[in-house]
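Below is one structure, written out as structure tokens; comments come after it.
Letters A, B, C and D mark the chains in the order given here, with residues in each chain numbered from 1 onward.
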Amino acid sequence: MDLTFSAGELAFRDEIRAWLASNLPTEAMASMDTPAGFEQHRAWERVLFDAGWSVPSWPRLFGGRECSLVEWLIFEEEYYASGAPGRVNTNGITLLGPTLFAFGTDEQHERFLPAMASGDEIWAQAWSEPDSGSDLASLSTTAVRDGDHFVVNGQKTWCSRGAWADWIFCIVRTDPGSERHAGLSYLLVPGDAAGLTRRPVGRLDGEPAFAELFFDDCRVHESNLLGGEGDGWSVAMATASSERGLNLRAPGRFLAAADRLAALQRRLAASGAADDELTDQVASAWMKAHAYRWQTYQVASRLQAGGTIGSEASFMKVFWSELDVELHATALRLLGGDGEVVDGPHGRDWMSGYLFALAGPIYAGTNEIQRNIIAERVLGLPRK
Amino acid sequence: MDLTFSAGELAFRDEIRAWLASNLPTEAMASMDTPAGFEQHRAWERVLFDAGWSVPSWPRLFGGRECSLVEWLIFEEEYYASGAPGRVNTNGITLLGPTLFAFGTDEQHERFLPAMASGDEIWAQAWSEPDSGSDLASLSTTAVRDGDHFVVNGQKTWCSRGAWADWIFCIVRTDPGSERHAGLSYLLVPGDAAGLTRRPVGRLDGEPAFAELFFDDCRVHESNLLGGEGDGWSVAMATASSERGLNLRAPGRFLAAADRLAALQRRLAASGAADDELTDQVASAWMKAHAYRWQTYQVASRLQAGGTIGSEASFMKVFWSELDVELHATALRLLGGDGEVVDGPHGRDWMSGYLFALAGPIYAGTNEIQRNIIAERVLGLPRK
Amino acid sequence: MDFSFTDDQLQFRDAVRTLLDDRCPPAAVRSAWTNETGRIEGLWARLADMGVLGLMAPEERGGLGMGEVDLVLLLEEAGRAAVPDPLLEHTAVAIPTLSDAGVCADVVDAAVSGAVTVTVGLADAGPYVLGAEQADHLLLERHASLHLVDAAAATITPVSSVDDSRRLGRVEFALDDAQLVSDDPRARSLAFDRGALGAAAQCVGVAQQLLDVTVAYVAERHQFGRPVGANQAVKHHLANVALAIEFARPMVYEAAWCIATGAEHRSREVSVAKAMASDAVDLACRRALQCHGAIGYTIEYDLQLWLKRGWALAAAWGDSRRHRRRVAAALQLA
Amino acid sequence: MDFSFTDDQLQFRDAVRTLLDDRCPPAAVRSAWTNETGRIEGLWARLADMGVLGLMAPEERGGLGMGEVDLVLLLEEAGRAAVPDPLLEHTAVAIPTLSDAGVCADVVDAAVSGAVTVTVGLADAGPYVLGAEQADHLLLERHASLHLVDAAAATITPVSSVDDSRRLGRVEFALDDAQLVSDDPRARSLAFDRGALGAAAQCVGVAQQLLDVTVAYVAERHQFGRPVGANQAVKHHLANVALAIEFARPMVYEAAWCIATGAEHRSREVSVAKAMASDAVDLACRRALQCHGAIGYTIEYDLQLWLKRGWALAAAWGDSRRHRRRVAAALQLA
């Protein structure tokens, strides 16, 4: 056990810290879930890419710097601590990216990974359908072979940034007679495909952050099939594991939020606008962010030693999503009557952050389902 | 709406308050779950009975004073506020009593109610079996007709005070071919019946408060059948409703505990042994005891106006049982390292109270099952 | 001891519910999110006609001469319907405060008739004034005294709430432009208690509505071949919301009775009510959203109307922590 | 960054587990509840033989010269087995504190060999001393200095714990009868951090054991024609316990490393670990009992051994609230 960063890790940390200090955008960007903000954030992805920071853990061949898992965690800590902009291509880089590495052909790697790394192609995830949410395997969007194309028909929903994304990754039913987990395929669809209509849907914070996608004889070339035809479920589960485990929500963002929360408490207390009564709750939330960091380093050590992460990913998903709610709810309690205000006097907009955090226990598999997974697959309790 | 006590209610309150002030035992009694304490508490029941206070809501014919429901709530408040001893015949008076009034014959009323009121006959409830707890309807203790007797065979468990009780009320299967809720009967069994063996079992606090009962060709006369043969389930549900609703746990005991908790906080704070950090939790627990009081008066008003209480009793059972845990857990937090001590320096033994409180979410139907009832029968959610 | 409402009180409640079903459906509330005034066309006048606005004004001022016990049932309905107007400020605080003080009879008359709207800003109620720009008069606190100010004479800076139908403003005014209503600290304390009670009643109404729509949704929505509401985790989430409401509601009624009768522990009881009602609606918001899943997370679906109102009302007129602290002080715990 | 134990460390842990399975099964723990000493015949000597007692003593004193990182795995096992002796006081606090101070070498030698038992009483650790009557020596705090006292020279008043194998005593002593160990406040602070860390490790072990036995019980116990553990409410109760352990455990290991390496934030990290471990074991106790139902509520069933140990350890060496307050102070929140 050695819980210090190595000389190499420290050098890595100093390098990203210095780069961020010199290169952070000076102007605030619009929300990435508006058309204008989307393009501003895309431009920032290019800045990161040009400096080699957009996908630091990827192979150099595709724009990365082949950093270790621990270095990637360091990158995330520094990135969020700096207050740098949100990453508009997160779903591509952290969810589709690892799945492409695992299941994609060499041609697909070359076709998709560099453009993903540079931000030239921003990705959105379209899995849920109006009648298939938690029960994804009940999905009914079909893709029927026609020569070297698939013809897609159906509807997808809750597609984050799906209104403007350049590409979309979907799960569709390619075997028309199949049921449940069989007969599904993982398809990559251009946002401008003929037969694809996209309707923006307002998220709780008012931004048109979701899209509904309507596929009406939408033709997708077979080269855009990821993994084997009919293997979509197992490919999708690889993505879901990334979503629940380390990839989507590294500790950095919560450590940064915990530090902002502590600073808010100190500031309000110093100005007499808050008393000490919430100290215990602020300390508790900070501790949990800290515990998430160390649990993650423990998991990373296991992975770097050749171990794997399976259903334990559900621990992380439940923990970070409920931690995020707790961090923001505590801030709102500190703010009292100021809590309902958006763009209020306390710098960061904690109410908007709260709204965003409340989605955490829902997406990437509801926390109810994650707890089932922990009980059944980790603890071994009977399913029925 | 008039939330003051009427002149009659005030007179009633003053009368019981004065009586308690003059008649409380001066010597502390042993635990009612020891042989010696059991008899001490029985003697106290006789004192109450002689003054007309053992069953104030019952008809005068059976030793009561026919007080109203609100007056009974007042009685309970005054009783617990005075620090009077626990009631050793609670299961008889509050659970079997109302069931006897509803389902008993005149002969049964005369046979059982006066002796119950006087404490001459202390009752225990024996429903659960080793394999039938939450799933009571799966019980397998049989009672087979033999002339004017039933011959009982089987095993009952978790029978509180069952080792010394004079009488026991059971549910048994009288139709040998029946399953689940059909074919059950409600039987009253003398504690000294031939063929009944009783084994004391230590409760979490170490007292031999439970008993296991072994029925081995135990003969019980048919006059001890309560309700019709085969109607045991519906009779039992009347008892269960008493157990969950108003009867078993009137607000008085929790109001008294909340006041003791507040006093503990004040005393520790005044002596410098506690700081104000737990003020919020003490206030919260006190508020809930107070809310339980007012919710109960609201229900009582509905009942006095001819209304009924059905599945809503589950609200009360969940609330008082979790309130009781919260009251005691908060006290233990106040006590810190003194919390683990039994018979400690802070007067009341909060750890023993905590152990007792922890049984609340289990007995009288687990709180998990009560929440199912609330969801399915009050809110109308689908069972499957 | 009689903890029940009269048939008249319940019938008045039902009539208000019918009115709000008709005039304040979700679509109308949505209009208030985006229109200029943040109000629903014609609703104020209908509430005045029915006597709701002047419920607590004396009969000689055109009011119904009723009290807080009558009022809470109606404010619960206002919560259920997410009425966007500063109804509680106007009806539960401003009119009775001015009436009690025996001042500004012309304003009271106009307020009872619905011709004007009077909103309220007290120091302990929160940093902003609801509907300040839309109101005609503002009842404001300074140095523990209460003053009435014409909206035109105040400086109002709009502030955006998460609930766009809550038009908040930061208000400044000069004492020269204000009329003293009362410098009796008891008047200020009573005004605050009335406001906190009204907010508590609305919280309970919002929580009940969230529970009702969520129960309906999870009974109908199917996943894995059965209703979502058949899952025990969902059942227990909603049972917990029902429990929170079941025990908060009597405290709101009891606190109303304490104000109406000038009971000794009035302020403590109001704080118990608001603390429990705030906690209930906060839990209801969390669970309603979770049980809906993604559809509840959109602005196209009506759930958001009650979620955002619930978050705002949980904190307005003192959040649960502040009210628990008042209870602790009353119990001499701290 | 390498957050893993060595194979040697894990093998030592496994060997201790094997020893405890053999010598400290529930029946043996039960004997300690009722026998005169509150200890298990022969266990202390076996732990000494294996090197556990002297794990942190320098090799020249017969110890293994290891540190806190080696120790926490073993104390987790002690928690799982509900070892009744004052193991952490002796091994994790007394021996290293005396060794660090370079005093009482004879006592250290005897403690390492298991010939004597040394227990500890620090002001912040709680009002009582574990095993005071049974120990030979007591390491006690007065005026922030540490003193060693012969048990015979101290006045010990027994106090009953809910866990009868925790033989507590209120201890008084005269400075004339004591040997000064250290008046350096850093020594006192380090002793406290070591004790809190050890208690945290034991809490995690108790919590894990409660989880394991409860998982086994609910998988086997049937009601309504299926295992109790098939109910989603039971699943979620136990998933929540698993979550609490999953995130407390790395903090215990990290805090151990911080003590072992003298890290700057050592005390803060120890407090994070103890706060989270106390909360984890408290939740585990509540849920284990609830999921067992009535059978867990008897003294005949073994669950009670871990329940009572869990409640005691959650509060011993500072409960979660006190440790959160230390974290808050370190973060300059208050």
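Criterion: a residue touches a chain if its C-beta (ideal position, glycine included) is under 8 Å from a C-beta of that chain, and two chains touch if they have at least 3 such contacts.
Remember, predicted model here, so these are calculated numbers, not experimental data.
For the interfaces B-D and A-D, the C-beta contact count is higher for A-D. Ranking every chain by how far its Cα centroid lies from the centroid of subunit B, the top place goes to A. Computed centre separation for the pair subunit A/subunit C is 38 angstrom, with centres defined by C-alpha atoms. Taking the mean of the C-alpha atoms as each chain's centre, subunit C and subunit D sit 52 Å apart.
Annotation for subunit B: residues touching 2 or more other chains are 277, 280, 368, 371.
Counting partner chains per residue, subunit D shows two or more touched chains at residues 231-234, 236, 321, 325.
On subunit B, the positions that touch subunit C within their shared complex are 1-6, 9, 70, 262, 265-266, 269, 276, 279-280, 282-284, 286-288, 290-292, 294-295, 297-298, 300-302, 305, 312, 315, 318-319, 368, 371-372, 374-376, 378-384. Listed in rising order, the residues of subunit B touching subunit D in the complex are 128, 131-135, 138, 157-158, 201-204, 206, 210, 277-278, 332-333, 336-344, 351, 355, 358-359, 361-363, 366-368, 371.
Residue ranges of subunit C in contact with subunit A, taken from their complex: 125-128, 159-163, 166, 168, 222-225, 228, 231, 233-234, 286, 289-290, 293-294, 297-300, 304, 307, 311-312, 315-316, 319, 321-322, 325. Residue ranges of subunit C in contact with subunit D, taken from their complex: 231-233, 236.
Across the interface of their complex, subunit B is touched by residues 1-6, 69, 211, 215, 218-219, 226-227, 229-230, 232, 234-236, 238-240, 242-243, 246-248, 250-251, 253-254, 257-258, 261, 272, 275-276, 321, 324-325, 327-328, 331-334 of subunit C.
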